[in-house]
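Two complexes follow with chain A in common, the first pairing it with chain B and the second with chain C.
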Partner chain A sequence: MPDYVIETNDLTYFHGNQLAVDHLNLNIERGRIYGFLGRNGAGKSTTIKLLLGLLRPTAGSSRVLGCDSQSLTPEIRGRIGYVTEGHMLYRWMRISQLETFQKAFFPKQWDQKLFDDMLDYFELSKKKKIRQLSNGQRAQVSLALTVAPNPELLIMDDPTLGLDVAIRRQFLEGMIQLIQAQGRTILFSSHILSDIERVADTIGVMDKSVLRADCSLVEFRESIKKCRFHYKDNLPQHVDIEGLLHIRRNETELECTLVKTSEEKIVEFANQTNALEYKFLDLNMEDQFIEFTQSATKERLFHWEVN
Partner chain B sequence: MNLWISINSGIPKPIYQQIVDQISQAVAIGELSPGDKIPSVRRLASDITVNPNTVARAYTILEQKGIISTRKGSGTYISGLSIENSDITEVNHLSERLETWIQQAKTTGLSNDQIETLFKAKLQRSKRNKGDQ
Partner chain C sequence: MPFAMLVKKELREALPWATLAFFVIIILGLLQHLVMIDSDWYWELRYRYENNIRDSDLFKYNQFATTTLIIAITAIPLGLILGFCQFWLPYINGTWAFTLHRSVQREAILWSKIISSLIIFAISCLCPWLFLYYLSLNIPLPPLFLIFLSGVEFILLGIIAYFSIAICVTNNFKWYTTKFFVLLFSIIIILTCYSYNLQHDTFLVIIISLILFLTFKLMYQFKICEFK
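And now, the complex of A and B:
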């Protein structure tokens, strides 16, 4: 049986009368780096807060490290590291004071050398006050404080938001280092698809409160395709292919975004509709994400007249 | 070790494929030779900041193609490369680039002999560099 570190069972949450998380069934295996994707307001942060017991679900339930999120014991909490969105830290404290404060919660497992090494690497002096730090430096302190207790499960809510490329890369390096230790699991959300592609092996895509994809990164990369069919003039009026997400057309071409459509079905469609030829368009992960989450009916935001 | 892998996330080609192609290429052009040791999955994952499972997937494919082999307790080594093992399109691509390069060399005024000498010298140097390590 797979060893799940996070399990949710029809987890549902309403913000007032607005549905924020809709019957979520998410299982994350130990040892994974799980990239949690979704546009703003899709329900990622709410899900994370529900997992940590910071919000009470309207319906359904979730378990983290085998314990119900609503009754996480201090022992279990001690095995979870949580980096919040925006890196909330007491602004009036010095780094050294924050260190003492944080260490007190994890007396047995605090790795002093790791913490000191990370600060050295980031070139941060412990004397500095949090309010004197830049956004990037606060993020670095926050990462060091969270990683030093050696968390078995690391949950990070958009940890690299607003950080420059070099600091983002440090975060990714940190994740790779951490996952190399046996039995660790990371769940992190981000809007930077190229970062997710580098470090995640499994991804989940939230879209309007619903988890629409939950699969290996390779499977996601291989499943979403864009195919352009070329016609002499008679474009098919009705397009019926398995896995069709949306279509675009002009006088002679039909462009289809497809999910998990087999090559045979594509050939079959091309033959049936008398297409002259078809070809696959190259998509990077960001293109795939946009294709996957954009609504099927919307027209372009605006149209420039170019002359 | 003459192994420089540079990953570009954000392009259409998946990362595991980039690793497979770059190692195959390095072998095809002689930067890596049979018997050369390559980094472990964990090591390469850290070096290039890529998920270890992605590197492991690339290594599995390379192993299936017969390009690398893992010896228990010892490490992962280049086992060789025949043209049918390598990615044909990559080899074609390299060969085209070589043709272009030869054309450019001739345009610059180099004779066939000079081109051959230059090429051999470079190849020799790449072998020597590997010997140094």
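And now, the complex of A and C:
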């Protein structure tokens, strides 16, 4: 029986008349680093707020660390670290004051050394006021404050949003160090693909309020392919190939984006349609994500079991 | 300790407004007091009513009664400001999530806000009012206790304003529908009380009942509220 830290069951949420999360069924195992991908407005932040009980679902339910999200006890909350979107902290406080404030809620769990080490790593002085910090520095303080109580589950809502490349890298390296040091479960939402690729082992792709993929990162990378078929002049009118996401064509070429399509099927299609040749195009993760989300229909297209 | 920390944080955030309210009451109250001491009109009034002074006249002519207006113009806006700052600003600057996601019950966060506001009302409004009342006992025409009581009523109206705004802000209704219904409801009740010229004790009972009602309403509202 898998040990799920996060479970949702047909979780649905409407913002007024607008569907924000559509029958989400998400299960995250303990110890995973789950990259939650999606464009702006895809429903990532709403899902996180639903998981933490900040929003009430229109339908369905969710459980975090075995407790219903709508009735999380203080004890369970204490085991969940949450880095909020935009790193909104009390602007009038100094870092030292925020430290005292945060520490009061986690007196037994608070790892002072870890907090101090992180501030040293990020070269931040405790005397500084939050309002004096840049976005990046605020993100670093936010991460340190969240991680210092040693949470079992760390939920980060777009933590690298608005950070420049250097700060983002520093932030992610800080995060990787933490992950390596202690086997936590991390749910990390972002729309920056390279960030997810750096840290996540499992990903979920949200698009237009639907979870369209839920698999390991490696499987996602291996399964989305783009294949270009070359023809003399007789391009097939109807393209019927398993796992087809979408096609582009010109006079002599047909470009197909495919998901989980075996090479045999591709060869079979090439033979059937009398293609002169075919070749696979290189796709980086960003290309794959764009191809995938551009063409997806409202159904959940695939689901792979994590190895 | 976590609760004390929350109260401390709320007190610190409200400190500028609390200080402003305190000094407005003290400064305007003392100026009024100086006017009362220097006024010949007082001595004249005292002479005129020497043996025939009635409570209603004292209430009518006593300039200390106008000091209650200072309490009214301070306590009610203070209540509105505290309500906005504690419940509306976190939506604007996005700190609700950071405040709420911690190892305490949501109710504890609400009560830290309410208690800190009550402390602020006590220190910024009630204490200066007591001080001014005490000071005015030495003037030629000392104020009645009823005048003191009317000042206290204004402070309670400030608390009603605070609760009403807090409820309006935390409900998830549209602003053009029933969002401000509670504020409207409180205003109507208070205006009705004034229009009937109720006795102080009746008025106090109504105000305190209204405060209790609003407290329960806010507790319920805060529990089911969504923090987008």
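Structure notes:
FYI, the second predicted complex is superposed on the first by the 291 of 307 C-alpha atoms of A that agree within 3 Å, B and C clash if a C-alpha of one lies under 4 Å from a C-alpha of the other, contacts with A are read in each partner's own complex, and residues count from 1 in each chain.
Criterion: a contact is a pair of C-beta atoms (placed from the backbone, for glycine too) under 8 Å apart; a residue touches a chain by one contact, two chains touch by 3 or more.
Owing to the predicted nature of the structure, the values given are computational and were not obtained by experimental measurement.
When the shared chain is aligned, chain C comes close enough to touch A:L54, but chain B does not. In the superposed model, A:R91 lies in contact with chain C only, and not with chain B. Of the two partner chains placed by superposition, only chain C is touched by A:G78; chain B is not.
Once chain A of one complex is fitted onto chain A of the other, the partner contacts of A:F105 are limited to chain C, with no touch recorded for chain B. Contact residues on chain C toward chain A in their complex (touch as defined above): 1-2, 4-5, 9, 12-13, 93-98, 100-105, 224, 226-228. Those residues of chain A whose C-beta lies close enough to touch chain C in the complex are 15, 49, 52, 54-56, 74-75, 77-78, 80, 82, 84-86, 88-92, 100-102, 104-107. For chain B in complex with chain A, the residues that touch the partner chain are 7, 9-12, 14-16, 42, 45-46, 49-54, 57. Note for the complex: chain A touches chain B at residues 33, 169, 172-173, 176-177, 179-180, 193-195, 197-201, 217-218, 221, 282-287.
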